[in-house]
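The structure that follows is given in the form of structure tokens.
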Amino acid sequence: MSIELQNIHYSYGKVKALNGVSLSIGEGATGLLGPNGAGKSTLIKIMLGFLTPAEGQGKVLGYDLRTEQKFIRRLVGYMPEDECFIPGLDAVTFTALMGELSGLPRQEAMKRAHEVLFYVGLGESRYRLVDTYSSGMKQRLKLAQALVHDPRLLFLDEPTSSLDPTGRQEILELIGEVASTGDIRVLLSSHILADIELVCDRVVIINRGEIAATGRIEDLKMVNYQLYELRVKGELNGFRQELEQAGCRVEETEDRLVKVYTPPDFDRRRIFLSAARNGVQVRQFVCSQTSLEDLFARVVGVD
Amino acid sequence: MAEVREKGYHHWEGQLQEKGLVFWPITRTGIRLAFQRKRFKFLFALSFIPAISFAVGIYISERLEDFKFMAQGAERTLQVNPGFFKTYLSMDFIFFMILLLMALGGAGLIADDFRHKAIQLYFARPLSRLDYLLGKAGVVVFFVGLLTLVPALVLLLLKLLFSGSFRFFLDYPWLLLSIIFYSAFLMVFFTCYVLLASSVSKNRNYVIALIFAVYYLSEIARGIFYVIFRSPYSTLLSIPGNLRQVASAFFQVKPAQDVPWYLSFLVLSVFCLLSVLFLNRKLRGVEVIR
Amino acid sequence: MTAVIEARNLSRWYGNVLGISEITLDIEPGITALLGPNGAGKSTFMKIITGQLKANIGQVRIFGQPVWNNRHIFRRLGFCPESDAFYEELNGLEFLTGLLSLYGYDRKECLIRAGRALELVELQDVSHRPIRSYSRGMRQRIKIAQTVAHDPEVLILDEPLSGLDPLGKRRIIRLIKEFRDAGKTVVVSSHVLPEVEALTSEIILIHNGKILARGDIHFIRELLDSHPHMIRIRSPQYRELARLLAAENYVLNISFEPEASAVVFETHHRDRFFNRLNELVLDPGLDLEEITSPDDNLQAVFDYLVER
Amino acid sequence: MREEILRVFSFYFFLGKKSGRARTFFLLSSAAVLMAIIIRTYRLAGYWTEDGQVIFQNFLMVFFLQFLIVLLGLFYGSSLVGEELDNRTLPYLTSRPVRRAAIILGKYLAYLSLTTIMLVFAVILSYLVLNLDPEFRPGDLLTVLRYSAILWLGLAAYLAFFSFLGTWLKKPMLVGLAFGFGWESVIQYFPGTTQKLSVAHYLKSLLPQYASSSGKLGFLFIRLEPTRPVLAVIILAGIILVFLALACLIFSYREYLFED
């Protein structure tokens, strides 16, 4: 077990941030999923020893989080949520400094800094001042400094926020690669479900300071055959009426996705047939799964 | 046999150091950052003017015969004795340069870390609050030392070299210790002063204004009280005044004001103590970000 | 319809770094999305059209007037900057009323308008808490509240959705659509594709400071007919389906994914392809489980245009 | 335009009042009151001190004139634009229907009012603490008001100059310090026209000079070759107007980029 927490409570003044969180996380990559302000960051900060829980115990990598923080921090890499850096330093110096602070010998730290910067894709710009980095590059730099001392456990707090699709994809691939080495556990916090689905095999859903669900992602997804999502070209009205007469419910969302809820035992061929009859092209036809998003919505209670 | 380095993440094969000077990298970085500013380098060079002129003074004092034609009455003013070193180490210009250099290279020490939220990067490492503070303090100590301890020692050495004998050293055997301890005292005081100012805000300009304002305010208060009460005890209000009193004690020179030196020492020590307590508190608060 | 925002030949660089280059655009009422990777020039463009920066070359007009230091335009314009910056010591209500007072409204009017804006973004409950203590989503919403509190006709929103959870995003998307329905001109920038797809189909793709494409996303897609479309169909009879369609000359390539019992067609004429599919589906022996177009989304358009 | 300035003024006056800095600087200026109280208690305890008027002259010259108004002017003046850039809040301002010049003037007035309160509070209170006794004449109140007015003029001039510096330079603080506490305090002792190149010179020309006869503060007036009061006021007003106009001009035509 890399992380074991029992009944952790924490509040900022009157605002309760964590309300009795118990958790155990093992090997591999785990996603920490929840809306903004659910307590994800607070949980990570407690595990790093930045905050002292009002109640409860816990162990990270076998060390007690109240008394043995120093040992935890030696073995943990942390990528904070905020944009943070030390102005005036170039990326290599910055990363090497962070490595040295973790206990790497100076020369090793320099060597290792180059290596991780190449790894995160900042090789070309590693001599540039970090002040001049774009937000995407700063994100990579944050990952580099979290990896520089080759930690056993990686805390990533919202690693993909403010990234464009390409950047997001690349960062997630890097994280996935680190996780797949097998001996580095990853805890990735995000509110973006797709990120977590891509990297993690387990997920902890947290809402309003409490654990809402936890388990393997595959187990949490269930297939629901009653809903089809279509994209069509053509006049929708006739097609729609025909389906509604057949007992279906048809919804069109704002981004032109047509959702067809079918009664049980409904033959899906009938959708195609009525489309063909009404001169409507079915350009996309997917039977919707109750994906993580629905689960998330159900747990968190989205309208 | 060909070998291909696999793409992807590689572990670091090595052992993390358990102990060592954890704070040293922070200090090194701080010094390096200070020297990155062009204006800092200029001012830094400028602040060695007194040291050079004092060195020239020592040379002339040894060669008074040769310079008699241009330095009349120099015999009185150019006496190299403990007072000579005290004068150097408590000169207004030196204090002013320390403030100026620290405004440029020291104001941002903690303030910038607040501003760019870098504190959490430090404390995610196996680093205690004390290590962090020591690291930042090292920067101030380095520059204050470079302006006080180092030139004073060099001047002492020059004196011995120019006079060609150890008589001076034998006359004042304790002078070396005085220089070292008084410089150390200056370092500790300015470290507390600068770090305290740097930690009250994340705005560097505000910190600079504060560093100068408090220093001069203390001196102004002293001036006003002195004019009114004619009491030497008004010196206790002034930062440079107190420093000078302490210097006189260390160098066995008659103090400028007739006030027991330990009172000045006490005032400054209490200030340092309070600032350390404040810093410790402030940094604990910082770890709780939002 | 007349253009609300007219940009002519805008170019801007920072020192020797390029911001945007030769952007000529007319923006009409409704939602227009600026889409591009980080550093593509979206923010630069928005800063120029809101009078924060000047273009090195070219000019921009809103309602036919130049923007820089033009207070008449600013009355009709709302700008939501990208940076997460506030007068932190103020509370939400003070922030709004303070900025509203810059329009010359009296105290009562300011309070009414601020109240309305707070209600719009659902922040009434926390309006007396300092902004310092707001969560990311609240901060983003209060920023939008200050954008619309004075009822502007033109809204420029720079990355309004970044860093929000799905719930927060949904809220803001709904808000933006309400503005559109009220007849306002909304310009939104984003680097996340599904967000933009949910907002509007009117997009402007910016990359390396240039406009790569603009118009309806589907229209753009059609324009790019030289780039073949992929259509993936999953069916128990996928090989049969492939055989039937292989004869058509608009099918350029067929590949199989036997493990998923799927077939992927490449065509440069989607209309004809789907019409033919509609005919084939009448055959009772053909059961289609899934039809997807792996590249019919913004990402594909984007990748294609960027790599072109 | 006047109305626009007023809008900016009221917003920033409110904002300035709320910020923590106002408290620090208020405390700093209240140091004078504190000193006055200490001196007064000392005198009440029966010890001899100088006459209250003379003591206040000390405050005026050393604390208010050469320290407080320079510091307030420097800090608030240079943060006129600087704080908006540091906190990246400038877009909130520059996308409102107020002319850019009105932003500068409104903020200038807001900060001037704020610092005036600090200054006048400290001046009047410390004067009263030192001088309020049975012999206090209403005429004395006029004196302190005149002092306040002169100091206020100086504050306005420094604030205008540093506002200009802040709109013009990226990092005005160090140059400002060098000017405020270096140039200003050195140049005024130079003979001839040289001393006329400092703001402090005109303020001293306006202040009553009987203090010099008492000998205690004589050194501050040693080389003062006073300008005629009317001319001094005109020049101070000129300094305020010119530098404000320059600040407005620069701000209207210049664009400001954030650090990154």
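Per-chain numbering from 1; labels A, B, C and D assigned in written order.
In this section, a contact is a pair of C-beta atoms (placed from the backbone, for glycine too) under 8 Å apart; a residue touches a chain by one contact, two chains touch by 3 or more.
Computed from a predicted model, the values in this text were never measured in an experiment.
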Given subunit A and subunit D, the chains that contact each of them: B, C
Chain separated most widely from subunit A, comparing mean CA positions: D
Distance from the mean Cα position of subunit C to that of subunit A, given in whole angstrom: 23
Centre-to-centre distance between subunit D and subunit B (centres being mean Cα positions), rounded to whole Å: 31
Inter-chain centre distance, subunit C versus subunit D - centres from mean C-alpha coordinates, in Å: 50
Centre-of-Cα separation between subunit C and subunit B, whole angstrom: 55
In the complex, subunit D residues that touch subunit B: 21, 24, 28, 31, 35, 38-39, 42, 49-50, 55, 58-59, 62-63, 66-67, 71, 74-75, 78-79, 82-83, 86, 173-174, 177, 181, 216-217
For the subunit C and subunit D complex, residues of the former touching the latter: 14, 47, 50-54, 69, 71-72, 74-75, 77-79, 81, 83, 85-90, 94, 98-99, 101-104, 146
Of subunit B, residues touching subunit D in the complex: 39, 103-104, 203-206, 208-210, 212-213, 216-217, 220-221, 223-225, 227-229
Contact footprint of subunit C on subunit D as seen in their complex: 3-4, 7-8, 10-11, 14-15, 18-20, 87-100, 252, 255, 257-258
Complex interface listing, subunit B residues touching subunit A: 8-12, 14, 16-18, 20, 22, 25-26, 29, 32-33, 36, 108, 112-113, 116-118, 120-128, 287-290
